[in-house]
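There are two complexes below, and they share chain A, which is joined by chain B in the first and by chain C in the second.
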Partner chain A sequence: MKVRILVRLKPGVLDPQGRAVHHSLEGLGFDGVEDVRIGRLIELDVADNTSDEQIDQMCQQLLANMVIEDYSIEKLSASEAA
Partner chain B sequence: MKVRILVRLKPGVLDPQGRAVHHSLEGLGFDGVEDVRIGRLIELDVADNTSDEQIDQMCQQLLANMVIEDYSIEKLSASEAA
Partner chain C sequence: MAMRSAVVTFPGSNCDRDMAVALANVSGTQPLRLWHGDAELPDGLDFIALPGGFSYGDYLRSGAMASRSPILQAVVAAAKRGVPVLGVCNGFQVLTEAKLLPGALMRNASQNFICKTVPLKVETNQTLFTSAYDEGEIIHIPVAHHDGNFFADEATLDQLEGDGQVVFRYTEPCNGSRRDIAGIINAEGNVLGMMPHPERAIEQAHGGCDGRKLFESVIGALVNA
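Coming up: the complex of A and B.
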């Protein structure tokens, strides 16, 4: 089973990397970019019997820093994972 | 308009960060993890008249390293972006 985990900085937490990218996009001449936030994409291939709770625990214990980051979990169907 | 860009290492490119996370998950007692790949999540807030081609150009010129990375673009509807 493919699981996609998106880890983002919490709203309000400064994102200097995003700001640098925003600035660079403007420097390259891309207008109309209002905001850029950078996060992590973690793609897991786990056994089919892995419970939602286990995936949640992985995020809380290792994959996300719960002090400054939020995460969301998306299970991919077989077609999306291809 | 919210746009989500997922940047992943191309298949076959070694992912030491993913391997380290995989190892750590096993160390924490999570069984059944078969593979871990780490990528970047870039969330843009762009003007509504931004064309797909412009977003593509942003990825190719700045956001992804086309030598070793692939990217995919997902436009979020207003409900998903909330």
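Coming up: the complex of A and C.
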């Protein structure tokens, strides 16, 4: 089973990387970009019987730092994962 | 009594030797050198140092992989028994990732790697690690980091300030750290994390000796215990 974990900085936590990319986009002449926030996409290929609870624990214990980050979990269907 | 100290080396540590030299220089005893894959600590350790560097290439987040390594489980257990632990730079990042200290160290607000000697205020000398300093003393210690921007929520920051757990503070903004915090100690007073490198300010040839009193404080307390 393929699982996508999206790890993002919590709202309100300064994202210096996003800010720099925002400036670069403006430098390239793209107008109207209000904000840029950069996160991390982690793709897991896990046994089909892996429980939601186990995936949640992977996020909390390692994949995200709960002090500064939030995460969301998306399980891919067979057609999406192909 | 001779001190029995240890310096942990992770793949990618690069200040481990400097830390070992500082400890040997001040204590007169060579520290043990431990490897990240060791699951057990030698018996009778009375001080553990986590050095600076880029453990595991800073994969995922700075300090994240090291904090889940076999030896860190043993270090966490030792810290909870009261063994003094010092984490410098990447070692500080490891201590926050291991939840031995609150908060997190994020990318510097400027985006730049900062490598320079900075003034620090010793906010308290009522700790195992700062007793040889004067309260409020201004010292000069090198920083060299990309991820030194200390973050914690306001409630945690207020609690740290109120309980005297902010040990070192930048006297001017350095890396975007909340409240200019450069180093904090845990509530029990045996785990100190700091971004500046006291082991790089041990002898005059380093450009200054202001880090020496940190080692003198902790070593003095242990040897006289």
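The definition used in the following text is that the second predicted complex is superposed on the first by the 82 of 82 C-alpha atoms of A that agree within 3 Å, B and C clash if a C-alpha of one lies under 4 Å from a C-alpha of the other, contacts with A are read in each partner's own complex, and residues count from 1 in each chain.
Simple rule for what comes next: a contact is a pair of C-beta atoms (placed from the backbone, for glycine too) under 8 Å apart; a residue touches a chain by one contact, two chains touch by 3 or more.
Values in this document were obtained by computation on a predicted structure and should not be read as measured data.
*Asks:* Based on the superposed arrangement, let me know which partner A:Leu62 touches: chain B (first), chain C (second), both, or neither?
*Replies:* Both partners.
*Asks:* Return first, second, both or neither, reflecting whether A:Val13 touches chain B, chain C, both chains, or no partner chain.
*Replies:* Touch status of A:Val13: second partner only.
*Asks:* Applying the touch criterion given at the start, work out whether A:Ile73 contacts chain B, chain C, both or neither, answering first, second, both or neither.
*Replies:* In the superposition, A:Ile73 touches no partner, neither chain B nor chain C.
*Asks:* Of chain B and chain C, which one contacts the greater number of residues in chain A?
*Replies:* Looking at chain B versus chain C, the one contacting more residues of chain A is B.
*Asks:* Can you pull the chain A residues that chain B and chain C both touch?
*Replies:* The overlap between the chain B and chain C interfaces on chain A comprises residues 61-63.
*Asks:* Taking the complex as given, what residues does chain B use to touch chain A?
*Replies:* So the residues of chain B touching chain A come out as 6-8, 21, 24-25, 28, 30-47, 49-50, 54, 57-58, 61-63.
*Asks:* Can you check the complex and tell me which residues of chain C touch chain A?
*Replies:* 60-61, 64, 68, 96-97, 102-104, 106-111, 149, 151-152, 176
*Asks:* In their shared complex, at which residues does chain A touch chain C?
*Replies:* These residues of chain A touch chain C: 13-14, 16-17, 19-20, 61-63, 65, 67-68.
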